[in-house]
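The first chain written gets the first letter, and so on, giving A, B, C and D; residue counts start at 1 in each chain.
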Amino acid sequence: MARSLDIVYFAWVRERLGLDQEQVALGEGIETIADVVMMLVARGGVYAEIFADLAKLRFALDQDYGLPASPLGSAKELAIFPPVTGG
Amino acid sequence: MARSLDIVYFAWVRERLGLDQEQVALGEGIETIADVVMMLVARGGVYAEIFADLAKLRFALDQDYGLPASPLGSAKELAIFPPVTGG
Amino acid sequence: MIRISVGPDDFDIAVETARVSGQGGGAIASFIGQVRDDGNLQSLALEHYPAMTEKALHKIAETARADWPLHAVTIIHRVGKLAVGDNIVLVITGSDHRGAAIEACSFIMDKLKTVAPFWKKETRTDGTTKWIEERASDVDASQKWDLRKN
Amino acid sequence: MIRISVGPDDFDIAVETARVSGQGGGAIASFIGQVRDDGNLQSLALEHYPAMTEKALHKIAETARADWPLHAVTIIHRVGKLAVGDNIVLVITGSDHRGAAIEACSFIMDKLKTVAPFWKKETRTDGTTKWIEERASDVDASQKWDLRKN
């Protein structure tokens, strides 16, 4: 059974994609945050532009920060966003 | 012409002396805060008790902090009080 | 007691201070961040990640409570469109000791700036918009606390 | 703008914050000290040296303005008889930068504690009274700022 993952986008990532969230199916070998991002980059176009540079992005799995190498585990939601600028 | 100096007391110094302020005449050789304090100590009694230990006291000349060795100059008012405890 | 609030509404510093003060202590430190007019700023739009924001702020508050003897921590952060001079964020800490209250307040702000999932988009008076970028000085300020603990 | 006020009246944190905020910036730090109930405290009597107090507080505020980029400094200190939970002191600083506002606020409190001519006398619930003594930790906190500058 294919696993699925909700991806949510914020700030300029959201704006440039024109997308708040999407659901993706996780194929074999997609085990980490970086794997998901590479999958998005492979779509080409604006995805490739936005997600090529991991250093410009931050990630959270089920609302806790994760690193590119963090395993997805049983997470339901991956958030991808720029460094935060609140306060 | 004898110089005169107003001395003002605060907190427990004031309470133990039972005195807010007094005016003293400064004789020859009374040039520093320490000289004034020694003059007070020489009165004996509660003055001797209170003013014997300079380390327990703080001083201000015309509302600016001074040290025992500070010259009186033309100051009009000497304040003698314990270390401050506001805030 | 920890109080976290995230939403569009403004806060009342007097009400929030009284709430912290009511938790005991005698030392109350607070910080307010407002939209600063740097010349031609029109407004700010504050976006956040609702599912994560309160969780992240709670974690910061709990860390502060573990590191300093605090009676109360309040963190209020506004979202949505804000004008120049509007309040953005309020942090209040209550302790028996002023050093603890002030340091914890400073810690919470530094962590909030680098960890809490908020993003600011500015609109200039000429109509142009821009997402504000992370500042190196904020990252430094945040990391100093981590180094201090080691 | 520096605002110094010494007297028996309580202060309104909302009014005072708005006043500082109105001077510009976007970073407002504040500290409130209140009479802390440490078990059997009845009240505090705060005495001061009227001719010197405002001068001393002004000097502290001016030093802070020279050392940090501040738009506004407010120092309010109450005198007279105060009950447990009553406000004693309020310090507010306004700046463009949160670090400057918070540090300056901390500096002002540390200096106020060791330099401003106030004295506290406590009355216990059993009726005994005692002048509060200088605390070594306050002296240390105050001196750290001087060392930092050298």
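Here is the rule we go by: contacts are C-beta pairs under 8 Å (C-beta built on N, C-alpha and C of every residue); 3 or more make two chains touch, one makes a residue touch a chain.
All values reported here derive from a predicted model rather than from experimental measurement.
Counting only chains that touch, the fewest steps needed to get from chain A to chain D is 2. Identification of common neighbours of chain B and chain D yields an empty set. Placing every chain at the mean of its C-alpha atoms, the farthest one from chain D is found to be A.
One finds 23 Å separating the Cα centroids of chain C and chain D. Per-chain CA centroids place chain B at a distance of 49 Å from chain C. Distance between chain centres (mean CA atoms), chain A to chain C: 26 Å. As a whole-number value, the distance joining the C-alpha centres of chain A and chain B reads 73 Å. Shared interface positions of chain B, i.e. residues touching 2 or more other chains, are given as 87.
Shared interface positions of chain C, defined as residues touching 2 or more other chains, are 33, 98, 109. Contact annotation for chain pairs lists A-C, B-D, C-D, with touch applied as defined.
Partner chain D is touched in their complex by these residues of chain B: 8, 10-12, 15, 60, 63-65, 77, 79, 81-87. Residue ranges of chain C in contact with chain A, taken from their complex: 33, 46-49, 51-52, 55-56, 77, 88-89, 109, 112-121, 131-135. Those residues of chain C that touch chain D in the complex are listed here as 12-14, 17, 21, 24-37, 85, 96, 98-99, 101-102, 105-106, 109, 141.
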